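Two complexes, one shared chain (chain A), two partners (chain B, chain C).
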Partner chain A sequence: MARMTGRRMLFAAPVLLVVTFGVFAVAAASPFDPVKAYAGTAGLTASQETLDQLRANLGVDQALVPRWWEWLTSAVTGDLGDSSVMRRPVADVITERLGWSVLLATTAFVLAILLGTALGVAAARRPGGWLDRGVSAAAYTLEAAPAFWLGLLAIWFFALRLDVLPAGGLTDSGSDIVTFGQVASHLVLPAAVLGVSQMPWFYLYVRQGVADALEEDPVRGARARGLSERTVLLSHAWRSGMLPMLTLIGSRVPELITGALLIETVFSWPGIAAATVQAATSVDFPLLAALTVLATAAVLVGNLLSDLLYGLADPRVGFDG
Partner chain B sequence: MTARSIRGTVAAALAGSLALTAVACSNPDSGSGDGGGDQESAVVGIAYEPDSLSPLLGYGKDGNSKLFDGLLTVDGDMNLKPALASALPEVTADGMTYTYRLRDDVKFSDGKPFSAADVVFTYRTILDPGTNNPSKTELAAIEDVTAKDENTVVFTLKYPYAPFAQRTVLPIAPEHVAGKQDVNSGPFTSKPVGTGPYLLTNWSKGEKISFKANPDYWGGEATVKKFTMAIIKDDDIRATRLRAGDLDGAILPPNLAKGFKDDKGRKTYAATTYDYRTVTLPTHNKVAGDTAVRRALDVAVDRETMVDKILDGAGRAAYGPVPTDSEWFTKGTERPHDLAKAGKILDEAGWRTGEDGVRTKDGVRASFPLWYLTGDKLRQDHALAYASDAKKAGIDIKTQAGTWEVIEPRMKTDAVLAGGGAPGDPDFDQFSLLNSGLAGDGFNNMAWYDNPAVDKALDTGRESGDKPARKAAYDTVQRELAKDPGYTFLTHIDHIYVVNDTWGTLTTQVEPHDHGLASGPWWNVEKWARTP
Partner chain C sequence: MADTTHSPPGAVWRARGRSRRSTRSVRAVTSAAVVGAVALAVLIVPPLVQLDEQAVDLALKLQPPSLAHPFGTDDVGRDLLLRCVYGLRVSLLVGLVAALVATVIGTAVGAAAAAFGGWTDRVVMRLVDTFSSVPHLLLGIFIVAMFRPGVWPVIVSVALTHWLSTARIVRSEVLSLRARPYIDAAVSGGSSRWRITVRHLLPGVLPQAGLAAVLMVPHAMWHESALSFLGLGLPSHQASLGNLVQTARGSLLAGDWWPTLFPGLFLIVPTLAIAGLAGVWRERINPRRRSELML
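For the complex of A and B:
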């Protein structure tokens, strides 16, 4: 297991290299002009001289390869550079926001997995039963519904109609102190919406996996030995039925990140979403590169995690495979 | 390693990383709240978040920055008043030297005194080529700024510039803080130290900016002790949170503000603005550059209908950058909608209607493209309405959407639906839109408008320190523009705000195109008082 982890880490280095170069190349080919993005509306009344000065100061006229190499060499030494759009060092921008995004994404992910698994197992027990039909229909509907729309709907219902949960932000608008209670109550809606929007995949995979497993020989054998239905379901069918879902955990991470971007915007959650969107549209090379490295790392870690879990759940799969 | 022990390890690692995340997220200030419940506080929802809170990078350049003060400030009637200066500046007869005497009782929020050196530092840093301040063009008239003594600052200009005093509402940064760090990315950009009525408590990026009253403010402590600006980019969500009682006030588009019309607990404010929408008619386009076509379009367009239908009545017809309710507007230059007159102008100039209803002259078809900014619904609506009005006069305008990157290289020959507007002085918009010297310079004079009479009057207007002489000069500009309308000005747009009426009747200033933190009924939040 340690060997596999180590080998994956080694493999991650060239992947990150290629991805950062890709980001620089795409950003360089982007039709957006970093100078216009930096200047904003002030740029529309600025003189050409001011705009040219900005272009030189921001280093926008540099060629792609030297610019990437310069970023890479200083990034390796720990200097991520300055974000032009945020007017701050990149490291500051990220540390300030990352924690909140991780909190939101982790809570939602855990919620999606727990809810999806529980409902999936329950539905697989009686395929075609009322629970299966009801939840499956809801799952397909949720899968088709855009996350931001669900967010708006949730705000309308829980904040406006029932007035039980806050509509957005990290704390009450009038409060400057971040307390556990405040964050917890403000986390409920965005995490629930994000979790519920991710849930259908897990639900459908678990339901299918467990339902298939219930038809297999080991289950028939277990039933033949007279084991209780509960033991059959939870110890035999569930464990082998969960396997496809473990793969899913890794592959859902990118989806989770993009979902979080939309949810953060809807709920004014102070995570990295706004920074990501701004970095992309204003071609802020250093910030964009750092955020992409982070997202890539999250995907790689997600894949590693799902492979490790796979090894744990299925004895047939080795760690060195 | 057995599966069981590995499972244990993984579980422990997961639990550990979750706990770490939770710790990393907790704010060091947690739980140290003073909990004073009866303090006056206000929360407003805004659509815009500043990139930086540093005046050196352009924050608060039009005043009302809450955290800083300028040498001068603008009051509710849009008159200049001294702020950090003790009086309005003394201007020499040639209009080239401005002398400001400063207050000697002002301290920055860190306790250090404010002096002339800070003023010199602020202006010199902004004008430095290494400072990434996109608004520095506004200070282009400055030749040099010097501190004559501790409390006197002297600006010398490159040319006589009558509106200069208006530019000195620009906030002053402390040299002893901002001078010691990188101006473009130092911590001062998000942790400002100023002289203003408020101190920054917290800036949670993308969520809100919180202020608390500066107890030692030289102008008297603010009545609203806690002031929060919640950053909510989506109009619908802002309206929802206002309705849910989370906000005391918010900026809203007219169609959403309508929903609050019958709300007895809230008041709607329409701030008049200089925020214009116009169509550039490029001089280098064979059709749009023709004076007859320009004049025909100017009367063919139905501005009143645009105000009613596109703006829901929240705005007024525009005939130039100067709004019709401004003291600088030249009465009698209004051009009412008159389709018959448009046809007559075109007929007389030789533009004959062809088979498809589009006019031609000397083999040139009366047709040109009109670009608007992708995703800007307001500009799109204006562009479509304009094209449909032009069609009735036999001019075929093809509307196209694009980003500025797509539009910019085409501005010399293609029409653009542009917006802008800076109140304060008639020079600001008219000079940059109409002066032929600025044709194609950045986004200034996008139509490459070239009219010697206008150029001359614009120079007189900005150089003369005498108000009647300036008024006469700008009258000339507006009359010339009516004769050769190189832009079709369409509307001036009101900005709509909805605020709880517990705050009584509030006021608004005349607002610019770019309505950031400084605008809205909260321009003077430090003086708000609840009605008993």
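For the complex of A and C:
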């Protein structure tokens, strides 16, 4: 297992290298000018010498490859440059916000898995029954619905209409102290919307897996031995029906990041996904580049986790991959 | 004898098959009707109605849905039904162009990788894997941020993030076609590699590539609306459904739900209809696989 982990990480390194280079190449090909972005409105009145000096200071007079290499070597030591929109080092922005994003994403992910599994097993018991048809129709609709739209409607209903939950942010406006109760009540709505928008995929996989497993020989054997329907469903069909979903659980990281980009923005959640959108709107290249690479790393970790989980859940699979 | 003992499961299977087929045809007809209605609305309404969807009437601002305005009006008194139809028109156009570009790129890359094989194949597919490990919306955001919001950056960013799956599908299809006897026959007949690819392999993968393209349209629309919602998409004078939801945020926080609700429904209904049609198509070209919604 350790061998496979090491091997997969060895494969991940070149992917990350190519992605960082791609980020720099796209920026170099675009009309984006880091000097103008750095100087802002002052750049309009500054003399050409000042701008040239700035260009040299920022290192953008160099070619693409040395610039990329310089960024990479300082990134390894933890220096990711300065964010122009946050007016702070990129590394600080990430360390401060990463925890909130992880909290939101994990809560939503766990919610999506639990909800999707429970509904999937319930629907698989009677394929074509009213529960199956109703939940499946809802799942397809949710899968087609944009997450930001769901978030806005949730704000309207729960925060404005019923006035039971806060509409956004991390704490109530006016209070700077982050307490557990405040964070918990502010977490409910974004995590629920993100979780529900991720749920259909889990539901459809579990439903299919369990429904298929219910037709297989072990289940027929268990029924013939006279085991109760409950035991058959939960200890036989459920376990093997979960396998296809487990193998792909890690591959949901990109969708989770996509959802977080939208949900964090809608709910003004102070995480890195909302920061990514802010960085993009104000063309903050150092922050945007670092966050893009970070998201790619998260996807690669997700893929690895997926393989490991599969090996743990299904003893027939070896770890030699 | 064996037939009679096995008749109960057989009968059950047949009965289930029949009922499934009837729900399938209901789904096909409904989906086709919705897609047709959407196409009609988008193509015919704008030239026929001759109404200005940008017409501002502050006396009628934020009217709830009524007979005169079935979807209500927005914060400057524009009719939302008309705005939604125009928004769908923009979203659909961007989605179609992006899906077309992505399919052409994906088919070309996938077919080339499979036809050349060896090192080309390995390098190209590694690159596809690398590209896929950046979350698509994030890559789209990055491209649009660097190239400024606008129609073409949005189309390019959606197309560049969507060709990967088509490349994979086309590659595996070409690989499986290449092993068939008629390709051997063409090779022994002295056809060039280029001729085999263009005349024998590409026509074989077109149904699969076409299916991927159709399924990509709603996905591309979704992508565009997300970018527009984040303020990184289309300019507001070319309002797509995403722009409509974005501009409705202020009204929503004041308690008016209709400017947010309807643009979203306009995105969901065509998506479900296109996915339904594509599901029927997939079952026809690929009858053994079970239908699932690919989004």
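Quick notes on this one:
As a convention for this text, the second predicted complex is superposed on the first by the 280 of 321 C-alpha atoms of A that agree within 3 Å, B and C clash if a C-alpha of one lies under 4 Å from a C-alpha of the other, contacts with A are read in each partner's own complex, and residues count from 1 in each chain.
What we mean here is this: a residue touches a chain if its C-beta (ideal position, glycine included) is under 8 Å from a C-beta of that chain, and two chains touch if they have at least 3 such contacts.
On a predicted model such as this, the values are computed, not experimentally measured, just so you know.
In the superposed model, A:269 lies in contact with chain B only, and not with chain C. By the touch criterion stated above, A:20 is placed in contact with neither chain B nor chain C.
Residue contacts after overlaying the shared chain place A:100 against chain B, while chain C stays out of touching range.
By the document's definition of touching, both partners, chain B and chain C, reach A:152. Comparing chain C and chain B on the residues of chain A they touch gives the larger count to B. Legend: residue contacts after superposition of the two complexes on their common chain; A:299 is shown touching chain C, with no touch to chain B. Touch criterion met: A:312 reaches chain B, while chain C stays clear of it.
After overlaying the two complexes on the shared chain, residue contacts for A:117 are found with neither chain B nor chain C. Using the contact criterion defined above for the overlaid structures, shared-chain residue A:180 touches chain B, although it does not reach chain C.
In the superposition on chain A, A:140 makes contact with chain C only, not with chain B.
When the two complexes are laid over each other on chain A, chain A has residues 31-32, 152, 155-156, 160, 167, 265 in contact with both chain B and chain C.
If you check the complex, the residues on chain C that touch chain A are 16, 19, 127, 129-130, 133-139, 141-148, 218, 222, 225-226, 229-232, 242, 245, 248-249, 252-253, 255, 257, 260-261, 263-264, 267-268, 271-272, 275, 290, 292-293, 295. Those residues of chain A that touch chain B in the shared complex are 1, 31-33, 36, 38-51, 53-54, 57-58, 82-89, 93, 96-97, 99-100, 102-103, 106, 152, 155-156, 159-160, 163, 166-170, 172-180, 183, 264-266, 268-271, 273-275, 308-309, 312, 315.
Within the complex, the chain B residues that touch chain A are 1, 3, 6-7, 10, 18, 21-22, 24-27, 29-33, 41, 43, 51-52, 54, 57-58, 129-130, 132, 134-138, 140, 182, 184-185, 189-190, 201-202, 204-208, 210, 212, 226, 228, 230-234, 236-237, 240-241, 243-244, 246-247, 403-406, 420, 422, 432, 438, 441-444, 513-514. Residue ranges on chain A touching chain C, taken from their complex, read 15, 18-19, 23, 26-27, 30-32, 128, 140-141, 143-146, 148-149, 152-153, 155-156, 160-161, 167, 204, 208, 253-255, 257-258, 261-262, 265, 276-277, 279-281, 283, 285, 288, 291-292, 295-296, 299-300, 303.
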